[in-house]
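Encoded as structure tokens, the structure appears first; notes follow it.
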Amino acid sequence: MSWFKRMKTGITTKNQEKKEIPEGLWYQCPECKHVVTTEQHAEHDWICEKCEHHDKINSRQYFSILFDENEYEEVAAHLISGDPLEFTDTKAYKDRIKMTINKSGLKDALRVGFGSMEGQKVVIACMDFGFIGGSMGSVVGEKFARGVDKAIAEKCPFICISKSGGARMMEAGFSLMQMAKTSAKLTQLADHHLPYISLLTDPTTGGVTASFAMLGDINIAEPKSLIGFAGPRVVKETIGKDLPQGFQSAEFVLEHGFLDYIVGRKELKAKMALSIRQMM
Amino acid sequence: MRNYLDFEAPIKELDEQIQKLKDSAVKSGVNVDNAVAELEKALVSKTTEIYSNLDPWQKVQLSRHPDRPYALEYIEKLTEGTWVELHGDRTVKDDKAMIGGFGLLSGQSVMFIGQQKGVNTKMRQYRNFGMANPEGYRKALRLMKLAEKFNKPIVTLIDTPGAFPGLEAEERGQGEAIARNLFEMMRLKVPVICIIIGEGASGGALGIGIGDRVLMMENTWYSVISPESCSSILWRSWDHKVTAAKALKLTADDMKNNGLVDGIIREPLGGAHANHEEAAHILKSVILEEIAKLSALEQEKLVEQRITKFCAMGSFIEA
Amino acid sequence: MSWFKRMKTGITTKNQEKKEIPEGLWYQCPECKHVVTTEQHAEHDWICEKCEHHDKINSRQYFSILFDENEYEEVAAHLISGDPLEFTDTKAYKDRIKMTINKSGLKDALRVGFGSMEGQKVVIACMDFGFIGGSMGSVVGEKFARGVDKAIAEKCPFICISKSGGARMMEAGFSLMQMAKTSAKLTQLADHHLPYISLLTDPTTGGVTASFAMLGDINIAEPKSLIGFAGPRVVKETIGKDLPQGFQSAEFVLEHGFLDYIVGRKELKAKMALSIRQMM
Amino acid sequence: MRNYLDFEAPIKELDEQIQKLKDSAVKSGVNVDNAVAELEKALVSKTTEIYSNLDPWQKVQLSRHPDRPYALEYIEKLTEGTWVELHGDRTVKDDKAMIGGFGLLSGQSVMFIGQQKGVNTKMRQYRNFGMANPEGYRKALRLMKLAEKFNKPIVTLIDTPGAFPGLEAEERGQGEAIARNLFEMMRLKVPVICIIIGEGASGGALGIGIGDRVLMMENTWYSVISPESCSSILWRSWDHKVTAAKALKLTADDMKNNGLVDGIIREPLGGAHANHEEAAHILKSVILEEIAKLSALEQEKLVEQRITKFCAMGSFIEA
């Protein structure tokens, strides 16, 4: 394999994975075009060392950053999606699920881990945008629920890392009710006075924003993440003009009072751990 | 002048024939009672036929029928002059797309909350087409907490094409407002009955839709997205709305069968728009019955059952 | 006494009483200049029959409108102001109080009555603007507190009719703490699940707005009342330009979400009684 | 470079003499230790003299001393790198004039809240001169509720020339926001300690001032109005501020004597601005001590005592 070929693999990420998992040996920052090896990139927690651009990463990567020694027990790992409505658009939902599972190596758009973070027990639920755009179907709801149950059983905090395009249309009403279900579970967590930290990452929109992502005891976000209920295109169509600079960025959402703080991925673990210590 | 949807054409024809016959009788003095009776029989049978065979897209159309009663009209009919509208979110605004207040329902005080669509062009604007801003959801929550304080049941009437996707709505946290309502409604210590009376579109509907009983009127829809938007996203064209309406399983029957709502409220023959009085009458008896049942439960039990119900929603495989 | 003389007496109200109690036989509406006899004016609940202008009225007048048969038992009627700070500005506070009591026939800026309204037991506290601008000193706070106690003892709703320029400077810190005290009493009322209706009338500003007046289970107002925290002059100075039309009017405050409804004095009793029936 | 108030002129003079002497010693190599020691003794005695005889207006001036530590500085010194600022009211805005967040105080988690003034021209603007808008009070309340949920004590640091009297503040309900805080703080189930660290002006101060212990630092004031405004209203001129300051009984001693605050916190010699470290150190030990005492009480008892305390405030005659 020639050097050229490797490089090409490196900077061409597969469409399917939406740049979440750059493969090969080289990573080029989409913002400043700086190139580093993927090893360096991973060592920098997938942040561009030059411009601080936070690359979109998946649950496996977040877990590796947050859990001590990257050790954790996965919760409800075996759940996969049913097809309650026998939904078919241009493709049958059943097939879409099967294909996505095969391609992504994921079971659905949320993974839940239980482990320790700076020595404190914690349950972390983390969305995978690579699984049908991080859309919320029944499996996301149920895994979230079991994550909350685990936190209650372990008397430990619950963290959820959101990254979602919103609802999973192919589950229609079932998808909608996951907003209710996840919120219901959070009332149980609250009854036990266990902290819930919601980390919003790029992007967090739709039904996820309108349910668990906004319900943190503290809501925090990665820099520059897009956060909103309606997507920017819809808002633009509604108002019939261009959106102001920075609209729906994490910084914008902080100014408008919905985030407790914005934190870079480098400081994420330490700051979350401190916040948890303060609430436990 | 009532309005007719396309598939109501046969009904329109019979309505017009009956009217014409009656008009001619007035002029000519000829007795047409028998002929009218015949036609009215035909009308009932035609209407029954049409309304027994509605497809999901037709139900969506009915849910938006311009003659359909809106929340305020139901509330006024139900409470017979004892409704006092309460305004404001106590933070930034009074949202006209979301209404609320106490009214007496057969002497029993009930907090009514609902999205309100406008009855004419001017009012549609005023009501923002029934699309609430965050302050609407916050007003609703404030009023629900007020009802809880005085131990009064809550009835929400859902009828919205969605939460408003505007710039200011985003600035003031549409997502947070809806999320907060889901969370807080889940643990209200009083009976909560949610009724979809028209359109039940996505988070905007669910934002006042967490109840011990979630009921759909016959000719309404409730789903995560409208058939039109679903079509445009999944099929990349607006042309598949009929297919989308079917695929989304958004009718009262489908939602009930999937365990996502608790029941269906019958509408008068020809739909709620054909007989507002009867529609309100049916609504009233259902609400009174449900309140009676729910009031018998202890508060803790009520909340626990509500949470358990929503937690049970979902379909997945333990592989 | 000639007709002319009577008329003159009628339309000239004493400065001291700030037009609250028009004397003599004639009343002229300050808005539309319509003239009626004071008897007619009283029969119309002191509302101009032509332009609906709501004349500023006092506690005696409100009680006559609201209590069935104008029958009520006065609560803590005997309290009068001390002079805890031995305050003197251009006049000694002690003397100012004595003078005001003599002139107004009132003991302080709040009176509390217990009686029935449409057959329902109710405690009504009502401010008198004629007593040092309806300012809140220790007596206002204590009478308010005893009114709440009465409502709790009688298991009945509490209504407060506010009309105030704000703090009573001559009681300085004591005045400030009446905001805390009245709010504290309202938490006790709330613990008993008894309704509190706050009626805001023209004008309600300062410390009264920033305490009990805004804490109603429902907040209601008479049309066109001036309602605000900072007075309009102060706001104007702060922003350095003219205030928008209708700023701080009841209608403005309703639009901004702080009032449940605006009600004309003619419908006041019936609507408040209905609201109470709905909450009891 | 420290700043000196008019009545601090003798202190300034001595400070300068000492500095000059030290500078000359560096140049000339002559030993000036004895002379410096003399001057420093004189400085202590002069400072003690001045600070033992402050009139109310001078205390008002000290409360606004440009070198005085503000809320953030105290919090950072108290929590030694463990303070995490939390933002936002979850409705419309993050108010920069009101700050809040958890920090660890000798290992114990405490919710700190305070008005924040700016440390330079640019920051004064940014902090709106420590004058919060309604969203500031709502942020404070949200954070207090958060602390209550996790059973953590609350410390508020009060330092404001008043709630902001702007147009938008009125639109968004400054009155309601403060009123709501009074009501809700009154029944918080955790210990609440409120400390006036600078200016305690009226409702704007009281809006985060309902506590089990309300303490004033020595050189602060707390009243229903500033002496200047009082003068302009009662004497119709700004010239009577000294008289007004006296009449208002706004010093820590007066407020304590009248039973309107619970205690006074000693400041370092020459005021908190003369020694930030020591001021913070004193503050810390007072807070720790009070938290220990209050944490020993049952929650119901705590709330009941707090309510009883404020209900007892007032002076009237049962005629």
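Each chain gets a letter, A, B, C and D, in the order it is written, and its residues are counted from 1.
The criterion applied here is as follows: a contact is a pair of C-beta atoms (placed from the backbone, for glycine too) under 8 Å apart; a residue touches a chain by one contact, two chains touch by 3 or more.
Everything numeric here is computed off the predicted structure, so don't read it as measured data.
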Chains in simultaneous contact with chain B and chain C: D
Where chain C and chain D overlap in contact partners, by chain label: B
Which of A-D and A-B has more C-beta pairs touching across its chains: A-B
Chain centre separation in whole Å, for chain D relative to chain B (CA means): 54
Separation of mean Cα positions, chain C and chain A [Å, integer]: 55
Approximate Å spacing (C-alpha centroids) for the pair chain A, chain D: 42
Whole-Å separation of chain centres (CA-atom averages), chain A against chain B: 34
Multi-chain contact sites of chain B, meaning residues that touch two or more partners: 90-92, 171-173, 176, 180
Two or more partner chains touched - positions in chain A: 256-258
Chain contact topology (line, ring, star, complete or other): other
Chains that touch, pairwise: A-B, A-D, B-C, B-D, C-D
Interfacial residue positions of chain D with respect to chain A in the complex: 82, 84-94, 102-104, 109, 135, 139, 146, 149-152
Footprint of chain D on chain C - complex, ascending: 78-85, 87-90, 107, 138-139, 141-142, 145, 167, 169, 171-181, 183-188, 206-207, 209-215, 228-230, 234-235, 238-239, 243-244, 247-248, 256-258
Residues of chain A that touch chain D when the two form their complex: 190, 193, 195, 217-218, 254-261, 271, 274-275, 277-280
Chain C contact footprint on chain D (complex, rising order): 163-167, 169-176, 178-180, 182-183, 186-187, 202-203, 206-207, 209-210, 222-225, 230, 233-235, 247-250, 254-255, 258, 260, 306-307, 310-311, 313-319
Residues of chain B that touch chain D when the two form their complex: 90-92, 134, 138, 171-173, 176, 180
